[in-house]
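Here's the structure we're looking at; comments come further down.
Chains: A, B, C and D, in written order; residue numbering restarts at 1 for each.
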Amino acid sequence: MSGSTFGQLFRVTNFGESHGPAIGCVIDGCPPGLALSEADIQPDLDRRRPGTSRHVTQRNEPDAVEILSGVYEGQTTGTPICLLIRNTDQRSKDYGNIVQTFRPGHADYTYWHKYGIRDPRGGGRSSARLTAPMVAAGAVAKKWLAQQHGTTFRGCMTQLGEIEIPFESWDHVPRNPFFAANASDIARLEDYMDALRKAGDSVGARLRVEALGVPVGLGEPLFDKLDADIAYAMMGINAVKGVEIGAGFACVAQKGTEHGDELTPQGFRSNNAGGVLGGISTGQDLVVHLAIKPTSSIRTPRQSIDLQGQPATVETFGRHDPCVGIRATPIAEAMLALVVMDHALRHRAQCGDVSVATPQIPARAPQA
Amino acid sequence: MSGSTFGQLFRVTNFGESHGPAIGCVIDGCPPGLALSEADIQPDLDRRRPGTSRHVTQRNEPDAVEILSGVYEGQTTGTPICLLIRNTDQRSKDYGNIVQTFRPGHADYTYWHKYGIRDPRGGGRSSARLTAPMVAAGAVAKKWLAQQHGTTFRGCMTQLGEIEIPFESWDHVPRNPFFAANASDIARLEDYMDALRKAGDSVGARLRVEALGVPVGLGEPLFDKLDADIAYAMMGINAVKGVEIGAGFACVAQKGTEHGDELTPQGFRSNNAGGVLGGISTGQDLVVHLAIKPTSSIRTPRQSIDLQGQPATVETFGRHDPCVGIRATPIAEAMLALVVMDHALRHRAQCGDVSVATPQIPARAPQA
Amino acid sequence: MSGSTFGQLFRVTNFGESHGPAIGCVIDGCPPGLALSEADIQPDLDRRRPGTSRHVTQRNEPDAVEILSGVYEGQTTGTPICLLIRNTDQRSKDYGNIVQTFRPGHADYTYWHKYGIRDPRGGGRSSARLTAPMVAAGAVAKKWLAQQHGTTFRGCMTQLGEIEIPFESWDHVPRNPFFAANASDIARLEDYMDALRKAGDSVGARLRVEALGVPVGLGEPLFDKLDADIAYAMMGINAVKGVEIGAGFACVAQKGTEHGDELTPQGFRSNNAGGVLGGISTGQDLVVHLAIKPTSSIRTPRQSIDLQGQPATVETFGRHDPCVGIRATPIAEAMLALVVMDHALRHRAQCGDVSVATPQIPARAPQA
Amino acid sequence: MSGSTFGQLFRVTNFGESHGPAIGCVIDGCPPGLALSEADIQPDLDRRRPGTSRHVTQRNEPDAVEILSGVYEGQTTGTPICLLIRNTDQRSKDYGNIVQTFRPGHADYTYWHKYGIRDPRGGGRSSARLTAPMVAAGAVAKKWLAQQHGTTFRGCMTQLGEIEIPFESWDHVPRNPFFAANASDIARLEDYMDALRKAGDSVGARLRVEALGVPVGLGEPLFDKLDADIAYAMMGINAVKGVEIGAGFACVAQKGTEHGDELTPQGFRSNNAGGVLGGISTGQDLVVHLAIKPTSSIRTPRQSIDLQGQPATVETFGRHDPCVGIRATPIAEAMLALVVMDHALRHRAQCGDVSVATPQIPARAPQA
């Protein structure tokens, strides 16, 4: 696995920079015979797209995807699918003032030291814009998984800065700009974001993402555990600093008698495991939480150094999301779908068709 | 990357089961010319070894490592290093009562559904015993990193069940059975564990693990981010349910003005990043926290089902750790070392010799 | 390694079909700081390009390459380099008559059985047109290797059908349409090809390709031997059926006293090894021969079956090379360059900077 | 893929040196539920074993294999299978005289330059003894392929030095020490080898190896073509310098009308393709030829240099095969089986169960 390829058998190779001519990806290993067109992919891209509310970056990108290969007469052929997204609204001059300094909390510093060169336009390769091709690839995985196994994915924001967002209903998620499973507190969240933007600051967020209808038996026992690969996928999303599966950090204070999910002929009685035991899916819902740090590009002046190591004050102008977590839900869903897809193929390779588990009770109501 | 091989260039392939004749690993890609003998590896294995206090499993395993290949006249030759550890104290009959049922919270259920067959003796392949070869491999990585870059590793338990363990000094860690950086609260921890054992229950733990003296520039920008690979490595350790880098979940409620670590000519002013920005090491200490769930094998009876899907009550006898977190510190250190080692070689491949960062201030005092 | 990605550390992921909108590749792992523009890549593409003489397909493709990512202000940044080549002269209607049948000797049959679907336009993914992105990627590898190690690549045709082509001078290669290192026999080759074309038939060819100035020590000892990876690369080129390293099949009748290349303080006395011993480069020239089969798409009617398994007669119209070997020399050079590049990075990862061998005598004069 | 691991999904990691305590391999990815014991593996190891006739090395090694993991109650569990072979007849003193010099044609020189250190005992890691674990792993692959698809493997020597060996019948292969499909010329071959041994020289050989009953559709279209992976596998066997698929180098002088195998409703009319079109299996027999160079360790004095670059004369004593090709047939069969096995799993991952091809005529009689 190289640094720009995700997955073992459903492999997605990502390319591009924020302000280059285009971004995109090549999917290799997609099963043949899947009906596929741009219309299957665009909706998820639209959910992640910038400029959809005043709370996210005002960069105006249609993020229109073009399928360059791998599809013939509306069906995948089993050969690589290249998905291309042209960049259209680059304003590289906005970033001129950060070329000579390192933004605190930003990859500026590490790219410079690693490579001795960096593309500073819009963060270059380190921009969260590079998640768009993953959302596109995830849409392909979602379609196949839905058809083959009835697997579906969903996610929501559970905390914005200090504000915990009570879960009310999944139905609310597409109806507010925060991907909150909530209708009652949206005004409060909007006020919070407005104040933050005015203050020239940014804030973190906490998300929950789930997979439903996952076949039992996916995942490798030792290293490529399903939860290990999920942690890898989530921690690889820009700005993520923490990942939990199931009970997560709450398991520290749990007793074995409380944590271990009992089984009945009707299924599991609880889901502290988050759908994974010993690295392998139980057939229950996969439940993942992630912590997203505040955006590092903010208008408030901060202390830093320049390329010569001298003190410098950095203020970032240009267009930035004051909370990158707001647009991260479709990204996290896509990465989860890519992990499940890859393991579905891996399992089929070694063990043949996927198993059918014993009956299961419905998953617990979601909790932050 | 297959399910039993860890790493891209410093590759460790693990084999064995808890009660088979032997466990071990093959390290491929180790640089040649490293002085190496069993004596370099055994101390870390001894730190992880069972039977060293009344708070861990009483299985009596010397865990004596044998180097089968890859070393000639006391030096690594650049060819695969096979490390073998014979199992000596298997009592498979202890496990007879769990062959027909699934322990709640255990991999019994998922192995059975994935493979249609499982080795039930001591948990077979799902046993935490399989971390021993990783500790051995980690010792090789630690030695090379220490010699080449002065990198060192350390870890401690920061919480046992409900009890937070105040950080006092790293010096205390080797002097108590809990790997606690603390001397004042050890008696309390011992009482807690004694009561737990008497109750036939188990409990979770929280650990902190660090790497010091990491070269700047390690990690890949998009997928094989250093922190993503750390998350993958940690979540792959048996029973881990959560991973944090730097500020971790605390970053959710942080503002950008608080989270982003300011730079000065003397170095970073803080380390909310945990040593990683944009997936690449900053040269600061890598700081990782992990959550370990309570052991699923407990004496208290629990509800489950048998292989036929019928209700069954499960009580686990045999020898088990009531808190697997107690022996997990050397395992987490080893996995962190393997990640850093792999990225040191990967960086050298693409970019040549590692960079030297601008001066740095010392890392912050550790906090749970 | 997936089916569309070549290399371990200098990884080239290829995408596209002969008559889709575009073909291209993504190079991941290129060292940063290499000066690079389209002008470095286009010349090799032009050498491989169709339509340059009457002896190759008359498809008119400029094969103009566009760098979509990975280069900033004229230098590689260390991030993925996407190279795009738009298809401009597709005449898919030419191929209508082969949609329902399988051409003898063609991948039609196997694609259909593997995937249950195939893109028949111009051979789809099985077209030799997909070698163009590899030639482009090879040009990047060649530039880096030339700058870092002084390594260069060259190749020539040594046999066309029954006609062996005597080696006269490397200087002749770019001056005839056959990549022959010969000036005396070119008219004879042209007559041969003209007759063949008139007959509606095709023919095979034999090529020689070399790398000069290869550092000693490249290659892995057991599986990823340098010669094994070369064989893999060459056999992966469309229509190749045989590969030889150094003495090749002639070694069968050699004695050990004849084959083993003696060493002197001035270097090796011969190069039966073809520059590789035990899978590792000796520092001598790499010498490789390959056999290329006759094109399967010919105008002469042949017996075959249709999709229903019924007998059918197949005649192929459209535009085809009567000898695919004619344009294969730059392809073989590129693939050899990609192998050497990958191993240069792999060697640097494990062993640090490349070694300098003892002095060497010049390579032998090339022989078919 | 690292230098000591073969395969993508059926992964074999090889370890050990000729005169270390043990050699072996770890197979990861084997399907679960395969009945397996040492008795399934030992017969192929016995076919490759040294000391079975006067024409091969007199080293006395039982090559007894021990299964250390991955098998429970006589069935594979889907977890790694470690196969261990103890070395028992090392006489390292025999090799003392070659420590300071480089044998012409041997890996001594390249190992030294690559690693700066080498294990000279019996050739260390470069010894053909390291093929024994691959023969063992191949036996596992053969068993699964035979049960699942009815695939079988066979091979024979077709030329020994200058002597071509006429094909008479496959039945003769196990009845002579040369793996010759011939009974009439065996005495001549024995005389030839006796004279060669007396002369202190060595010689090359040519082998043919086949797979029968291969499912149609195995192989990846672009890089991991089935024939490319076969070439990689064969060229990776010690001493191999050339590989052909089907018609091989003879295709150079073939016309398209001759080479392309016509199809009928009953199957293919010929097999110039050697069972592969466009990198994917046709369902016909896989037919592979390989050229094996003469052993480099010979008693006849040869010119070389020592570690200081000074002239030296090298004579090799110790025990060596005068023709390594004699024991190479089971090795080549095993490597072919490993390639087919890996692709069977890869195909199942992407495309589900393997296809069934249209009816086929029997393969042609084997030809050298």
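The working rule: contacts are C-beta pairs under 8 Å (C-beta built on N, C-alpha and C of every residue); 3 or more make two chains touch, one makes a residue touch a chain.
None of the values given here were measured: they were computed from a predicted structure.
Undergrad: Going by average Cα coordinates, which chain is farthest removed from chain D?
TA: Looking at centroid distances, A is the chain farthest away.
Undergrad: State the pair with the higher C-beta contact count; candidates are A-C and C-D.
TA: Ranking A-C and C-D by C-beta contacts puts C-D first.
Undergrad: Measuring centre to centre with CA averages, how many angstrom lie between chain A and chain D?
TA: Inter-chain centre distance comes to 46 Å.
Undergrad: Centre to centre, by mean C-alpha position, how many angstrom separate chain C and chain D?
TA: 26
Undergrad: From the C-alpha centre of chain A to that of chain C, how far is it in Å?
TA: So the centroids are 39 Å from each other.
Undergrad: When you check chain B against every other chain, which residues touch at least two of them?
TA: Expected reply: 2-5, 9, 14, 29, 32, 78-79, 114-116, 125, 221-222, 351.
Undergrad: Going by the contact rule set out above, which residues of chain C touch chain A in the complex?
TA: Of all residues in chain C, those touching chain A are 2-5, 9, 11, 13-17, 20-24, 26, 28-29, 32-33, 66, 68-70, 72, 75, 77-82, 114-119, 124-125.
Undergrad: Within their complex, state which residues of chain C touch chain B.
TA: Its residues touching chain B are 9, 29-32, 78-79, 221-222, 345-346, 348-353.
Undergrad: Which residues of chain A touch chain B in their complex?
TA: Against chain B, the touching part of chain A is residues 1-6, 8, 14, 102-107, 109-111, 113-116, 125-126, 130, 159, 161-162, 196, 201-206, 216-225, 227-236, 238, 241-265, 269, 272-274, 276-283, 291-296, 298, 300, 302-305, 309-311, 322, 347, 351, 355, 357-358.
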